[in-house]
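We just call them A, B and C in the order they show up, numbering each chain from 1.
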Amino acid sequence: MASPAPTQANDARDLAWFQDKLAQFLIFIGGISGIVLIISIFVFVSREGIGFLGTLDVGEFFTSPAWRPTSENPTYGALALMAGTASVTGLAMLVSIPLSLGAAIYIGEFAKGKTREVLKILTEMLAAIPSVVWGFIGLSLMNEFIIDTFNVPVGLNVLNAGIILGLMAAPIMTTIAEDALKAVPDEYRAAAEAMGATRWQVIWKVVVPAAKNGLVAAVLLGVGRGFGETMAVLMASGHSINLPSSPFDSVRALTATIAAELGETAVGSDHYQALFFLGIFLFVVTFLINLTADLVVRGIREQ
Amino acid sequence: MSLFAATPQTIKDRKVENRVKWALGLVTAVLVLPVLVILTTLVIKGGPAISMDFLFSEPTNGMTEGGIFPALVGTVWLVVCALCFSVPVGVAAALYLSEYAPDNWITRALNLAIINLAGVPSIVHALFGVGAFVIFADFGTSILAASLTLAVMTLPLIIVSTRESLQAVPMAFREACWNMGATRWQTIRRVVLPNSVSGILTGVILEVSRTAGETAPIMFTGAAFFLPFLPQTVWDQTMAMSLHLFVISTQVPDVPDELPYGVALVLIGMVLCMNALSIGFRTWLRGRRKW
Amino acid sequence: MVEPKLQVKDLTIKYGDKTALTGVNFDIFPNEIFGIIGPANSGKTSFLRTINRMQDFTESMSVSGQVILDGKDVTAWRNVYALRRRIGVVFPLPVGLPMSVYDNVALAPRLAGVRKKSVLDEKVEQCLTRAALWDEVKDRLNTLGSLLSGGQQQRLTIARALSQDPDLLLLDEFSIAVDPVTTMRIEDVLVGLKSEMTIVLVTNLVQQARRLADRTAFFLSGECVEVGDTEDLFTGDVKDQRTRDYVEGRFG
C-alpha cells in the first residue's frame, strides 16, 4: 500500500542520532591523544628539568667530559656522555647496517616460501627480546666472549654494548629495508633483466639505488633506536664516564646516566634537574631523527 | 655452436651470483642465529633453576635463593592495568584516524605524533612518568603510575595495529550501511569493529609482550626491588620480572649463577610465547577469509 | 493534480572544479517507475547520491539547487539518518555484508528498533522472496552474505533495500553483475513494487527503461536533456534530437 506522505515528526532526532554524536566526541578525544601525549611528555619532562637552565653552563655542557654531579664542586659536562652514546651507537650501526641490508636483500630477493617465512619469524623473535635480557646477555655471555677472545681485562665496554645494540636495532632496520626494496616497482627489475643483467646485478645496480630513501629511513630509525636504548647499554657498556679511545674502553651513555643516577637524587635538586635536562635533550634529538626519517619516507611516497 | 649454450660471460655471472647468494645467506644467518644461541644458553644455564618452587615462592636470603613469584604477579598486575588504559584510548584513536579523520594537515600531524611517540626513548618515558604521574598527579610511586607510563609507551602499538585492521575492512561495507540510514557509530559497531577484533587482538598480544619486558619506565614510577607483601591495590608498589632480572644481575652479590639465567629464561619465555601466539593467531586469521 | 514525490530544482553538482551535473529540473511522481538513461559519466549516479545526501560523506562534492522529497528539502532534514532509512539504494556492484544472510536482511529492521524474532523472521522471508533469492538461501540463512555469488549478492542487496520498507527505491544499473534470467525476475518484482513505492531506475540498458519506466529522463554530459513519457521518447516524439539519436543507438 502506498505510504502516506511523511509528516515532519519523522524527522525527529532519535537515540541513535545522539549516540552517534557522543561516540564521535569520545572517539575524537581518543584520536588526539597522540598529539596530546607527545606534547605532555615534553611539558612534564621540561617542568622538572627547566630549573637546570639556571645552573647550566652551555659551554661546559657541550665541551667538557667532566660529569661530576655529586662532587663538592659539581660540574655538568656532558661531552663524555654524548661520546658514550655516539660511540656505542656508531659501532652498533657498523654492525647492523651490513647485517640488515644483507638480510633484507636475501629475504626479499633470494629466499623463497618456507625459508622466507621462517626467517621472518626469527627476525620478529629477535625484535621481541626485551632490552633488559639483552643487557643481561651483555653482562654474561658477551662479557666472557670479549675477555676471552681479545684478551682484555674488562668485557663491559663500547664493543660489548655496540654489538648488542646492533643486534637490537637490526630487526626493525631489516623490516623497513625489506619494505623499501619491495616498494621498488617490478618494471625496474624487468627492464634490467631484459637488458641481460643477472639477478645480482639487477639488485645491486637497480633495486638498491631505487630504494635509497627507504634504506636511509631504516638507518635513521636504527640510529634513533640506538640513541634511545637504555637498559642494554646501561648493563653492557661499563661504568666509566670518559671519552673512549678504543672499543675496549668502558663508557656511559646519556640514557644510562639518567637511569643510573636518578634514584639517588633528591627531587628538585640540581642533580635531579640536570638529569631531567638530559631527558629533554634526548627527547629533542630522537624527535628530530624520527621526524627526518618520516620526511624521507614521505619523500618516497610522493614520488 | 648451439644457440642456447651458455657463453663464458654467463657462466662467470652465474658463479658470481651463486657466491653472492651464499654470502647474503650467511649474513642473514648471522642476524638470526643470536636468537637461537641466546635461547640455548639460557636454557642450559638457567634450566636448572626452574622448578615449581622457583615459580611460586618468594625470594629469600637476600635474593640469593628462592623464587620469583611476587615478580611474576607484579608483572601481571602491570600488564593488565596498562592494557586497561591503552586499549580503549588506542582503539578510539585508531577509530578516529580510520573512520573520521579528514585528509588534512591535522591528520598528518596526528600520524606523525604517533610515530614519534613510538620513538621516544624508554628512559624519557620514565622521566615523563615521574613528572606527570608520580609528582604532578600525585599518584606517588605506584602500580597506577607505572602502568600509566607503560600504557603511554605502548599506545602506538595498539593504534597502528588497530588502524590497519580497521582499514582492511572494505569501504563498500560502510557505504552499504550508510545508504540504509545507519549512523557512523552504528556502522562501526555492527560491521567495522566486529570484523577488526582479530587484528586488535593481535596488537594487544604484541603489547603484552612488550610491556612485560620493559624496565626503565617502571624503575622510578612504581616497581621496587624487594617488597615483603604482594600488591593489594593499584596504589601499592610492586615487584616485576624485568626489574628483578636487572637488580639480580647487577646489584646483588654472591648470586648463584643459575638464578639470573633462570629469571632471564622465564622472562624471555613469557615474551616469546606471547609473540608466537600473536604470529600464530595472525597466520590462522589469514586463512579464514570472510570476504 | 498529484503532488510530486520528488522535485529537483536547478540542481548542480561539482566535484572540486569538475562539474558533474548542471541545472537539472524535473519532478518525479509517486508510485511511478522513473527511468534515467544516458551514456557513462553523464551525471546519473551523482544525481542519485544527492537524493539521500550521500554528499555528506564525500568531501569534494558540492551541491547547489534543491532536491525536495515530499515537500521538504532533503538538506533541511535534521535527522539525515531518518531520511536515508526511507530511501532504499541498490548499486551496480553487489555488496553482501560479512554477516549471515539473515542478519543482512534483518539489519535495517533492527536498526529501526524491531526485536521480536517472529517479526524479523517474517520480514526476512518476505524481502528475500521479493528479491527472488528466498528459494536459493532458505536452507542456509546462516551463510555469510559476503561469500555468496555475485548475482546472489546483488539480489541480497535488493532484499536489504526492501527491508527498509522504503517509500523511494533508487536503483543504479542493478543488472550489471546479474545474469539475464535473474534480471528478468527482478524486473518483474520491480513492476509489482510500483504500487507500494516510487522507483527511480538508472540504467545503461535503453531497452530496460523502455520495459519498465513510466517516464524517463535522458542525461547527457552533465545535463538533463529532456524528460517525458517513456513511450514518447522511444517512438520519436522527442523535444531534442539528441534523445532520439541516443535511443536509436547512434551513439552510446
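As a working rule, contacts are C-beta pairs under 8 Å (C-beta built on N, C-alpha and C of every residue); 3 or more make two chains touch, one makes a residue touch a chain.
Note that this is a predicted model, so its numbers are computed, not measured.
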*Taking mean CA positions as centres, which chain lies farthest from subunit B?*
C
*In terms of CA centres, which chain lies closest to the overall middle?*
B
*Pick out whichever of the two, A-B or B-C, is joined by more C-beta pairs in contact.*
A-B
_Separation of subunit A from subunit C, taking each centre as the mean of its C-alpha atoms, in whole Å_ = 54
*Quick one: report the Å distance separating subunit B from subunit C, using the average Cα coordinate of each chain.*
49
_Averaged-CA centre spacing for the pair subunit B and subunit A, given as whole angstrom_ = 15
*Taking each residue of subunit C in turn, which ones touch at least two of the other chains?*
81-83, 86, 111
*Contacts with two or more other chains, residues of subunit B listed in rising order*: 183, 186
*What parts of subunit A, by residue number, touch at least two of the other chains?*
16-17, 20
_In the complex with subunit A, residue positions of subunit B that touch it_ = 13-14, 16-17, 20-21, 23-25, 27-28, 30-32, 34-36, 38, 41, 88-93, 95-97, 99-101, 109-117, 119-128, 130-132, 135-136, 152, 155-156, 159, 183-186, 188, 209-210, 212-216, 219-220, 242-243, 245-246, 249-250, 260-261, 264, 267-268, 271-272, 274-276, 279
_List the residues on subunit B that touch subunit C in their complex, please._
102-103, 172-173, 175-183, 186, 190-191, 195, 290-291
*asked:* Quick check on the complex: what are the subunit A residues that touch subunit C?
replied: 1-3, 5-6, 8, 10-14, 16-17, 20
*What residues on subunit C touch subunit B, complex-wise?*
52, 54, 57, 59, 81-89, 91, 93, 95-99, 107-108, 111, 144, 146-147, 157, 160-161, 164
*So in the complex, which bits of subunit A are touching subunit B?*
16-17, 19-20, 23-24, 26-35, 37-38, 40-41, 44-45, 47-49, 98-100, 102-103, 105-107, 110-111, 119, 121-126, 128-133, 135-137, 139-141, 167, 170-171, 174, 198-201, 221, 224-225, 227-231, 235, 255, 258-259, 262-263, 267, 275-276, 279, 282-283, 286-287, 289-291, 294
